[in-house]
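Presented below are the structures under discussion, each in the form of structure tokens.
Here come two complexes built around chain A, the first alongside chain B, the second alongside chain C.
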Partner chain A sequence: MTNLIDTVAEVDEARAADVVIGKGRIIFRRFMRNKTAVTGLAIFLGLFAFSLFGGFLTTWDKETIDPLNIGMGPSPEHLLGTSQAGIDLLALVVEGTRVSIFIGLIVGGLSVLISAVYGCSMAFFGGKVDSVMLFILEALIMMPAILVVAVATSGGGQSLKELPSWLLLIAVLLFFSWMGTARLVRSLAMSLMQRDYVKAAKYMGVPSMRIVRRHLVPNIGSLLVLDFTRGITGAILAEVAFSYIGIGIKLPDVSLGVLIGGATWQVSSFPWMFWVPLTVMFLLTGSLAMMNDGLRDAFDPTSTSIGRAKTKKKSK
Partner chain B sequence: MSSDITTQPSAVARQAVERLRDAGLYGPGDAVLSVRDLNVRFNSENGVVHAVRSVDFDLMAGKTLGIVGESGSGKSVTSMAIMGLLPETADISGSVRFKGQELLGLGDKAMCKHRGSDIAMVFQDPLSSLTPVYTVGHQIIEALTVHNPGMSSRAKEARAVELLAMVGIPSPQARLKSFPHEFSGGMRQRVMIAIAIANDPRVLIADEPTTALDVTIQAQVLEVLHAAQEETGAAVVMITHDLGVVAGMADDIMVMYAGKPVETGTVEDIYYRPRMPYTLGLLGAVPRVDTSQKSSLVPIEGTPPNLIKPVTGCTFADRCPLVTDECRTAEPALLPVVDGVTAGGGAHRAACIKSGALVDVDAHRIFHAPPVPVSKFDGVPRDERATVLELKDVKKHFPLLKGSLFKRRIGTVKAVDGLSFDIREGECLSIVGESGCGKTTTLLEIMEFHPDQVGEVVIGGVSNKAATDGKTKQAMRKEMQMVFQDPTGALDPRFTVYEVLAEPLENLGYPKDAIRKRIMELMKLVGLQPDHVNRFPNQFSGGQRQRIGIARALAVNPKLVVLDEPVSALDVSVQAGVINLLDQLRAELGLSYLMVAHDLSVVRHISNRVAVMYLGRIVEMGDVDQVFDNPRHPYTRALLSAIPVPDPELERTRERIILQGDLPSPLDAPQGCNFATRCPVFAALPQAKKDKCLTLEPPLVSEEAQQFACFFPDGEIDADMLVVHA
Partner chain C sequence: MQVLRYLGKRALTYLVMIFLTTSAGYFLAVSSLKPALLEQEKIPRPSPEQVANSFRLLGLDPNLNPWERYIQWLGGILTRWDWGRSPNGAYVNAEFADRVMISTRLFIASIILTLIIGVALGVYSAARQYKFQDRAITSYSYLVHILPAPIAYFLVQLGAIGINDAVGERLFFVTGISTPGIEPGWPAFVDLVAHYAVPTFAMTVFGWAGYQIAQRQYLLDNVNADFVRTARAKGLTRNQAITRHALRVSFIPVAQSIAFTIPAIFTGGFFAEAIFAWPGVGLWSIDAIGKQDVNVATAMLAYGSVIFAIGAILADFATTLVDPRVRVQ
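Up next, the complex of A and B:
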């Protein structure tokens, strides 16, 4: 019913130049049109730069104790103050942000990859392979993640103890983060296999792997990208939560969760110790959520941002 | 129709309408439903959509009004507005009066008193309009309970049985306890009609009641609607896009375009004396099943206007071949036609400033219908042309299994059962039949081209038995491509048109430059603007998307194109353009088509040969004119007679064969002739001859250019299954 009405507006305005525009560019343009998303991206990139180069803002590092300034508020010498041990907070936050982003990117990225491969394989092979893989997946969902994390990071064998705590946390978070998406990818891929355009490609003689790559993955692609940004947020929050209750990152490693956890019971006496890492965490997760929205719009071919583009071009 | 004043759009006239309305004086007294100046506006992201614009009509008791229009023309919204079923966000103005009582502005509770008792509705999709968790009887009784709280439950049940019998459901008493899923689509639509007429409504609104059904079932349902109307004496509003369906049923027709009636009048006025270019075009765009019409169809170029923008001139101006500057200055009012031919009375109105000059004009000429394309193969006798596709005794049987742990085979579904035919160069073979007869399965079996296939498929000299390696298969794919039914589903929404068209070419390893060149050629070939290659499919209309689908199929220069219902998802005016394109491509490129379609008019127009399928077998095959003019198999006869013809006079007088029941499931296919259970000839046969039909399977015998599988091809038709409307 609606498709006739929808297209009319565009037919008039279709006097575009005869150039082939790459799809990447179209998506990029659409993303850039969403102000909130661009702001989110800017904040995220800012934090990322801060985590890499923030160390140059101060002469102190996260290990050196300043015995003259123990538990002091922000001052010209220590821009964000110092901890109760006399370590510069700025240096700690820079380090903590880096660890958090690092964990987020690795866990978010890898879990999406695992779930895409796992989910697509289930849908593609079907039958017995599907049921066995689905059983493993369900079993993993049942497993109590928090217990495993606690055992792996604090108990465990001697060999586990020698690994840095962030690496251990990444491994454990990764292990528990991909199942939901994998199941989603499976059902999505299964319905895509039935579409006429997949059939059309099959009847054109396009090889199976190419169909998966060209038709299945891109159509799941937007979900995967969204899941990547969501996964980063999830991993950062999980890290904060685990570290807060003391089973995630362990000192001397620093992360935003460790900083927030360590400062909660003395908010009134050392407020900067609590609020600074908390703000950074909010900025980090908030900016990712803002980006997520813009990415969805950019990838969705039915989104209204096409319409907006046309009016913009006209006014130029 | 009412006084002339109501249709004048000027401010003075509006006031007059208001005055008359307040005095309760407008409209003839015996109109059950009168609609005046109905306007519906929706708010959307892009602005306010003016979906229905000043619709006026009067509906007399016992009469049928047909509302005809394409999708988006506002016909369904009009009916929903009358029923008060539009969402609260819609802005509705004007007046809808049922027996003089205003319905617009009534609250939901007050409206519920009218809905289902005074005004009832039959919806389009019978599959989703019945609740799956309640029995059919429960749902009919529910409709009765709501409006007759005092009725005893025994009386209600008796009434429900009576209603089911009235709509022709066998053993109604037992069927009351059945759930909707136990009924076929046609049966469910009958149940819907039974619910609608349960409380003897004065007005019955049928919104595309047969669009989702097969032709034979459509004929049955139309018959039921007709009977229901006679039984209850209700006035019927029949909403449809199919000019054939209303031709025999309606007394008056209202043609809607862009939310506004553009022509109204009696059926004869509209079909024989159209006075609005849009109506002319629509009538010319419909292929006819009853005559061999070897001229092109009338294409109406362009798309309907966007109703978000304010209307400045005639809404049809952009698509009208007769447009002049005058048309764009003001929207023409719906005025009585004055041409010296139309009988007076002012009942025939058209919204065109040139309506008086449109006497005896030829739609083909004014719409510049393309000349009939001539193929280089047209002069060559069939036997001398090369064979493009050959099927030898192709079968597809599905085992039916039962049991959860150990699967037992309890039967076989013979979806395709021994099919043999061939297609020569430059020819179009259509497979027709009801849904479930195996036509789509046949297509899929050909497309799969699997070496393990029972029977042999030979495409361009390559047999499927030899297609064990990828190379042979690839070679065959180059010879044969497919166009799908749903143009939206067949295009990857994430591909631009360029990518869609490049896919088959890339697959064959064309260099980049060649692909680019070929795509530009293809865009021109199918009549799309080459600069549209960067767009996504959702930025095109349905007809344009189907053109993209055709372009993709033609990309690799195949010899044979398989068309799966290529136009059934398109509007009539758009459909004509696509059919013309297919015709032209076949002639220019020397293509062969294998088409599956349920619309026999389209089949007659486009194909050279036709094969009629019933339960996995071909029951009749031959040259299209031969088969359509002189059908021998009773099934073909019934199928052809079920197609409504867009000609009211003919439609009212012709004999129709109404088949009993539905297509039996292929599982319990009878032993002898498959068709015996529904056969109108079989029913009239003496017992001795019946035995032959029940025990022996009729073979496909040839007679001239026609093959058919029936022992009694010229048998009398049972009188019970013949219907003539008088």
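Up next, the complex of A and C:
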């Protein structure tokens, strides 16, 4: 009797050894295996925390002028120094980082969503719908985004004036950021629709929504995740570039681009005003770039990346 | 012959697109840019009637609704090829030619250099995959990706100023096109080079990254293809197989991507012109938008679209030349 129980227990143990690992855990493990990507994630989370709670590092805020320390270098009282107007730089950088991350996350996230929906519907419907949607897409690619940004943010029109400049910039960046990915998604989805496993699922009578969820999304997923981080980087860089030459975000709103641009022409007399926000921007975009490769590997279902197999030592 | 007909058809499609984007741009500009508001800041302040009157004479009547102004503007272009006037009375057509010349002079050298250097480095790094040279070249390209163009140009400018200071005399000019009143001949040429060097260097060094990464990736995709393996089995060395068989095929997607980088060069050009103070197309349009100039902004939008269309058609043409598998029907 006892013997029998033992065999059952042994079989169970053997089964437990090569149990199917959940998808989320596979992705997480593959990501954690890539040291560069983990470092990138750590830096990014650190900056995110800094942008939320960095305000507690200083007693000054971004509006108070310190008349005793105007344009002074880093000192114990002002950890990163003060601006030409006597405002604490640390408070400004915290605010600027938050605005930049915010713009990046919103533009990156929403543009991926738009491009996935737009690209997939082009591939699904095909025919007339496809060619009309492709026409609209190419017409949008054609427009020089920078001019539209400039017109929208510097227009004297009353309706647009009332919106804060960062909201306007988000809207315009979003409008011009999704086309490239949408084209990619369209061509990928089109080729996936022709694959044998999708055809087989169709003939087996699997409902369309489940085919999309089971077969299309996981295959396009790695592209979309990659495009999410790339979209964040793109939006942060675009904000910095546009604000730098004076279109984009405008004072009194603060962002990394506004800080860098404002410090450019006095870089020899106020070097900290230029190098501190620039370093933060580098850390931000650099950490995202470091995560890219690890994310692609983690989400790719055909990934050949293999790790060390975790073998349990037999107790017997 | 068939190629020409195909290209003609593409050109027609793009023409419709240009018309649509420009019209949309006009409506956006006309409803958000209000030059009359700037006139209010003049001293002595003109009365609203005076402002409206002077703008009506320029064809910028603020009392008309956007649709009426659009018809008026479009009529001017279709009947007289007249792109309208600025609020200060200047003709868009007259100024456009000058500005395009300046921009073209600024960009042409760096566009060509960027393409050649990028593709060459891409091939070089793919042929030495994962060796030291490949790692150095490719990580440089990724570094450039996370650096916004205007800041990169500014850093180059700082570097050039540093060199000037170190040498003790002005070797490079970091802004402007030429020194006024320089005598022709050799001194004018030296002056030209001194003005060109910094912007061209900056745009080239920060421009080739995209081509390099794309060319490396596509070439590596092709190195393991069957036809390259066959070529190696015939006895060709790895480098021979790459140059004779893989290179041509891997250039096709790069040729196509040129079309989509042309607008990017155009926008990069805005930053270059702003930083290096070359009064070209980009600087003109940013200035014009600051002055609430509807007609210049729209003309620039149209110009950008035309440049893009030319790039796209050239890319199609290049693909038919390079790719033996493409047959136009």
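In the analysis below, the second predicted complex is superposed on the first by the 284 of 316 C-alpha atoms of A that agree within 3 Å, B and C clash if a C-alpha of one lies under 4 Å from a C-alpha of the other, contacts with A are read in each partner's own complex, and residues count from 1 in each chain.
Note that in this section a contact is a pair of C-beta atoms (placed from the backbone, for glycine too) under 8 Å apart; a residue touches a chain by one contact, two chains touch by 3 or more.
Here the structure is a predicted model, which is why all the values come from computation and not from measurement.
S.K.: Would you sort A:Ala152 into first (chain B), second (chain C), both or neither based on which partner it touches?
M.R.: After superposing on A, A:Ala152 lies in contact with chain C but is clear of chain B.
S.K.: Mind working out whether A:Gly205 is in touch with chain B, chain C, both or neither, as first, second, both or neither?
M.R.: first
S.K.: Pick one for A:Ala139: touches chain B only (first), chain C only (second), both, or neither.
M.R.: second
S.K.: Taking the superposition as given, does A:Arg195 touch the first partner, chain B, the second, chain C, both, or neither?
M.R.: It touches chain B, and chain C stays clear.
S.K.: Looking at the overlay, does A:Pro271 come into contact with chain B only (first), chain C only (second), both, or neither?
M.R.: A:Pro271 sits against neither chain B nor chain C.
S.K.: Would you sort A:His215 into first (chain B), second (chain C), both or neither based on which partner it touches?
M.R.: In the superposition, A:His215 touches chain B alone.
S.K.: Touching residues of chain B toward chain A in the complex: what are they?
M.R.: 45-46, 49, 70-72, 76, 303-308, 447, 473-474, 477-478, 481-482, 484-486, 488-494, 496, 498-499, 503-504, 507, 516, 529-536, 538-542, 544, 552, 556, 571
S.K.: Residues of chain A touching chain B in their complex?
M.R.: 1-11, 14-21, 23, 195-197, 199-201, 203-206, 210, 214-215, 218-219, 221, 301-302, 304, 306-307
S.K.: Touching chain A in the complex: which residues of chain C?
M.R.: 13, 17-18, 20-21, 24-25, 28-29, 31-34, 37-38, 142, 145-151, 154, 158, 260, 263, 266-267, 270-271, 274-275, 285-286, 289-290, 292, 297, 300-301, 304-305, 308-309
S.K.: Where on chain A is chain C touching in the complex?
M.R.: Residue positions touching the partner: 135, 138-139, 141-148, 150-152, 154-157, 160, 180, 233, 237-238, 240-241, 244-247, 257, 260, 264, 267, 278, 281-282, 285-286, 288-289.
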